[in-house]
Amino acid sequence: MSQVRDEAADVLVHSLDPEHPANHICTLCAKFYTLGWVTGTGGGTSIRHEDKIFIAPSGVQKEMLKPTDMFVMDFASKEYIRKPKVLKPSACTPLFLAAFTRGAGCCIHTHSQWAVLITLLVEREFGKDACFEIEEIEQIKGIPKGRGKVGNLGYFDRLRIPIIENTAHEEDLTSSLEEAMEKYPDTYAVLVRRHGIYVWGDNVHKAKTQCESIDYILQLAVEMKNLGLPWTK
Amino acid sequence: MSQVRDEAADVLVHSLDPEHPANHICTLCAKFYTLGWVTGTGGGTSIRHEDKIFIAPSGVQKEMLKPTDMFVMDFASKEYIRKPKVLKPSACTPLFLAAFTRGAGCCIHTHSQWAVLITLLVEREFGKDACFEIEEIEQIKGIPKGRGKVGNLGYFDRLRIPIIENTAHEEDLTSSLEEAMEKYPDTYAVLVRRHGIYVWGDNVHKAKTQCESIDYILQLAVEMKNLGLPWTK
Amino acid sequence: MSQVRDEAADVLVHSLDPEHPANHICTLCAKFYTLGWVTGTGGGTSIRHEDKIFIAPSGVQKEMLKPTDMFVMDFASKEYIRKPKVLKPSACTPLFLAAFTRGAGCCIHTHSQWAVLITLLVEREFGKDACFEIEEIEQIKGIPKGRGKVGNLGYFDRLRIPIIENTAHEEDLTSSLEEAMEKYPDTYAVLVRRHGIYVWGDNVHKAKTQCESIDYILQLAVEMKNLGLPWTK
Amino acid sequence: MSQVRDEAADVLVHSLDPEHPANHICTLCAKFYTLGWVTGTGGGTSIRHEDKIFIAPSGVQKEMLKPTDMFVMDFASKEYIRKPKVLKPSACTPLFLAAFTRGAGCCIHTHSQWAVLITLLVEREFGKDACFEIEEIEQIKGIPKGRGKVGNLGYFDRLRIPIIENTAHEEDLTSSLEEAMEKYPDTYAVLVRRHGIYVWGDNVHKAKTQCESIDYILQLAVEMKNLGLPWTK
């Protein structure tokens, strides 16, 4: 209602195309809300489009986002070219940038409960340095082999998702996220202990469907643990 | 259909602004229904707006509320200035007023099953006097530090939510709710054993997102218990 | 598409009033589908309106019902006054009539998984003759005390829902349903082992909200069992 | 956006009738998305209509399908008569054809987590050659007795669903799917270990409702296992 807007920069977020990033982030986040990924203003989404980064703000109900809520950053200079005056930029921004620097076109951060539970189960059973590992689940085929590699993982491939420790401030996750990206150069996701997950992809379609595939696998893995079924052979 | 309305007072609930309290309570309750918070006419929501309190009625399907269903009370005199003739005022009203008296702008009462289960688990494991405690979960950062304090809880802070015993009549919860508010002056929520939870906030946005964050944490805590994972270190 | 209709009787199901029984059954069943109560054409709903009974047909996707799909029966003579030619009347009809004969205005039959699981848990732990019993859960207050009695159950009252054995043919449940109604004259619901539940109420509003309250309690009771929490003190 | 279409063949997928196969697959898949059956582009649906087969493409978000996304195959010659140029045909196509060859009018493939979990539970408890078996659950009556037989299974009949081993490539499932169809000629579904399920029916209505009934039973069976309740007597 009372949002003061930077009128000159509004053209950046006004479009009739539902796939314009400013519109797309709104429809994606509304969908993510129904999946339980962005409860209570948690989580976030960012799209890189040509030389610009579009980012959902912090502290806003994600199922209620409007295109005019978006922050827009120049990717080369990392300077905001649009800042809604009454909103706070997302603390996830440096983490999104880490993904974009490695070629991602879209990055999604969720507080999925399945992600949180998996980080706790892995810690208890395999220790703090272990990553989440699972194999022989069809949905693994929804995840690409890795940046610069052709095609997706196969059914007999083992999916590995690294886990980093949470920090008091979200932006302080950046260096350990980047380390995980270096150590697991093929990964498209990093779990954050007791917090959630970051998933990225070459474009919006891939980031969204990879995030769904991984969340499906994490939920399945929790149910398997409940039933005493092992994740690997 | 047959609802007899107090015509003179209808102007209090007629507005084209979706954020007018009479409209807002309807859209919030419809959303809460899909979250399982207000099943079978359970639960309720109230908004304080300037010098008036808007309250959803008792015994109405919460996903079907209409603005004309709202009770309106003068906050200073605690007298109803609008009473839909065929509806009953909510038995939660004195509990909502307890929150408003302490500065809240909106108060939400849910029958969330996660809330009920947590009150039973805490009683079994820590006794009747214990409150629910959890720490090192990112979503805790969605809860403010306390009335008159700046900012939200941090990741390493422990979230404590007091639990009061249920009574035969909802209005009889008032004194123990007020006691819990005195004993835990920083809390924005009170669990009611075998019943549900009251959550409030400075305004509608905060009450709604805090209620979501707390419900997320309660659900997560139940799943953790199922998997044998401890709530605190 | 190819449905042959009894044109003379169409006036019975054509109305612009959303609360006309023929319309109301459609919107109720669509809602029940999202609650998992009428999966795969299972379950059903019937409304008594003045001297007529409106009944959803058998074998139709319940979230896709149209007013013209409704069967209409004269309550006094128990003869159909409208029969959609290509549809089959519901096998639940004699069970709905048993409820209407005892004063109900609406009867809902669901295949809720919580209902099925509770019938199995009660049988294992208390034997085939036991009914489901639970106490000190706030949502119990959503259930009336019994036909001809004023008001609803209290928080300290014990809710008892009888359980009857399933039969090969749904209509063969009628006599044991009626027996359960005689033995538990205050009940507004009967569970059917390995099958689901019948819930009725004085009118549509009451049947729907009582069915929701009971389903909430059954789900909670299953979760309590998973966590080792007893249903009664 | 950039999809190059075979203009001459567009008439095959343009219709105002919501039950035209090209439209019907879109609305079905959007519903299946909300049921968790086609997460992350997984799963698929195909309809046989007269002498043509309509098939949803591979790798597309199933809740976002458009009629122009459909592949159309001539059933007699098994040649595509419409291929959207930028989309890939579904790897499920030979499996759908196996069902159509045996008289099916519609075939649905889901990645339901309940299906995956059941294949793991059956393997652990009854070995790799066992099929899933359950009895005395009312919803079993939603499944027909078998091709060429009149009517549906009864409450006292045992439902048996064969399970085949997953393969690296979906199309390589065809021969074992066909073997299972030969060995269990009455089945309308085949589970695929660690993958999901194929369900078919005489027409769209039957395939959809049978798929729902089976998924309901699989979910119930997982919950029964969690509670220590046996599937058969």
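Details
The first chain written gets the first letter, and so on, giving A, B, C and D; residue counts start at 1 in each chain.
One rule holds for everything that comes next: a contact is a pair of C-beta atoms (placed from the backbone, for glycine too) under 8 Å apart; a residue touches a chain by one contact, two chains touch by 3 or more.
The structure displayed is predicted, hence computed values, not measured ones.
The chains touching subunit B as well as subunit C do not exist; no chain touches both. Counting the residue numbers used at the interface between subunit A and subunit B, under half appear in both copies, so the two copies meet with largely different residues. Chain centre most remote from that of subunit B: D (centre = mean of CA atoms).
With centres defined as mean CA coordinates, subunit C is found 44 Å away from subunit A.
Taking the mean of the C-alpha atoms as each chain's centre, subunit A and subunit D sit 31 Å apart. The set of subunit A residues that touch two or more partner chains comprises 226. Those residues of subunit B lying in contact with subunit A across their complex are 19, 136-139, 142, 154-156, 205, 208-210, 212-213, 215-216, 219-220, 223-224, 226-227, 229. Interface of subunit C with subunit D (complex): residues 1, 36, 39-42, 61, 111, 113, 116-117, 120-121, 124, 166-168, 192, 194-196, 222, 225-226.
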